[in-house]
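Which chain is which? They are A, B, C, D, E and F, in the order written, and residues in each are numbered from 1.
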């Protein structure tokens, strides 16, 4: 069993706000992350696939192919977008790093042609990141 | 003459759009940077001050003091904000990295208590940055 | 189950020296790390918490809260300090990266209000780091 | 149980090419990685050892010793070398990151004097890396 | 006057060897960099352009355009290539970082549509880099 | 004219304290940097040499030679040392980053065999650094 990782970067914005709560509760919970016009990040995404090496190629899965799968299923939908308005797979979901990470996992699960999706890690800032393993 | 640098990070969003141009021109010039809801970055800011060392302290300027000046004059106004709506010193200015960098220079010029503002560097992504020296 | 990580940095000094051993043995084991006046590092600390997402907030645990817990229980006690003299939770313990990492785990265990402390990673230099999972 | 990691860097070149396949198949699979004269990377290697702390030293294993083991068994054989021609432990093996990572694991397994080899991580670029845990 | 920088990465290999010198002299000067099959690096390239901001766009020069110019004139010629065999603009030149950096400058000079090429920086490893300003 | 840079890292400790001032003044100026037992950093040093390329070697100056000069004249004297007690060239000087940077410049000036010392940059933390150009 070997693990291969592809790292991608995208720029997006979001606002943390739960419409079921009052303005006061939102501000109490999310503080400046609830500012009405939103703010953004250079999100760093690391996708890990686990599996066996194909003896014919020496690859578990060509990282160029993994890159293409991530580009089509994730980056194309989130890069230079606003998570609260533009991203179909986040409709109705509060776009915390936790929820975005799971959303990205769901976009990728079932689309990896060799090996198995092992983890999705998402850095929101250089000090904060989340990881999901399904 | 010695140069001291303080690095700060802030998260903000922006949309590149010139209201004097047509939708087609904006899209041609700015491409996905003109998406209506905007997108964001973890901006990295480096402020350089040049001057002489004070023999009493061994400092050109206490970096904690420089940090405070940057926090009050820049970070407090831009962090978790949208450059097109929330930032007074960018009113009516297209928030490209170039223009934000000059805007930040103008916020800091005249507020450095020792030495002289030498340069402001602003990283928009890990691959793109701008620098202004007045 | 999701994993969230908060990264913090602190500057401290230490000396590696076992008082139960002779000078020669200390020098043999610790080499320049046993220099009498000590030396220091910019330690990088990564604290990982594992748990479920709260559907009301979209957070496992607000990273600002995790930051505050780390600041109060760890950073306030170690930043700009000497591990051999200033840090109560390292009294009588040789301050290797391994022992500091476990010391920090013990400071944090039981203080995480949601989820469960999963791991503590401590970088001593860009080439050396340790991790503890309880 | 504690985990300690040593990071080392080496510069090497390689060509991805399976001699059992046709030129067309090689180009289809490996694209520009099959260019005849090869290309290279600054590989970053992270070796993780797991074990118990020795109470006499406070170390699981002195990282200087781990560094020496990695230098002798890996770096001396691969640094400033071409994986297809110069590296004995890669003879007859397609030098993908996956296969190099396993090759390095095999060089180190059985040579760690305290604790147990836990994982070998190999970064080929800032966006691509692989990990092997035996 | 503002300075904008675009960073690009490429993987290449090279061998340091002066055919006008003896084997002994080459080994004395270049040591393991003269190994016959060559070795490689992930080169990091930073291209700086200086000029005035266009008030219509807020750009000195669209960084996407600068990226395209670098890709066509440099990256397409050097990425996944061997500097001693594959790169036309390095024919007959010893491919030290210094000479590659000047070679890249010459590829870009005269091709920047706005502003003026200010400097080319080339990182060969995380510890070694060179810069040329014409 | 070309510029070459060598980066080195060292771990040291220091205490900021001016013996000509009262305890109160020291605490006011240096805050936690004046803690009696000191604290430390992983200092990152970048030494830049400017000059012409030697056509015989393609080098301005072999970076291995520059590395050796830095090791002998700087690293050997400061690594795993306390600036207030162990470092001869800092005797009687308050070891701020500014003063250490100038001290290192003075250690290197006149010892560069080809080209000319151009600048010394010293990172004290990831957010604070100083530069001196003579």
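A few remarks follow.
Convention: a contact is a pair of C-beta atoms (placed from the backbone, for glycine too) under 8 Å apart; a residue touches a chain by one contact, two chains touch by 3 or more.
The model shown is predicted, which means the values in this text are computed figures rather than measured ones.
The chains that touch subunit B as well as subunit E are F. Note on connectivity: the fewest chain-to-chain touch steps from subunit A to subunit F number 2. Comparing each option in A-C, C-F or A-B with B-E by residue number, the pair that reproduces over half of the contacts is A-C. Rounded to whole angstrom, the centroid-to-centroid distance between subunit D and subunit E, based on C-alpha atoms, equals 27 Å. Along subunit F, residues 126 each make contact with two or more other chains. Contact between chains, using the touch rule, shows up for A-B, A-C, A-D, B-E, B-F, C-D, C-F, D-E, E-F.
Considering their complex, residues 1-8, 53, 56-60, 62-64, 67 of subunit A touch subunit D.
Listing the residues of subunit A that touch subunit C in their complex gives 16, 18, 20-21, 29, 31, 93-99, 101-102, 126-133.
Residue ranges on subunit A touching subunit B, taken from their complex, read 9, 11-14, 32-33, 35, 37-42, 79-82, 84-86, 125-126.
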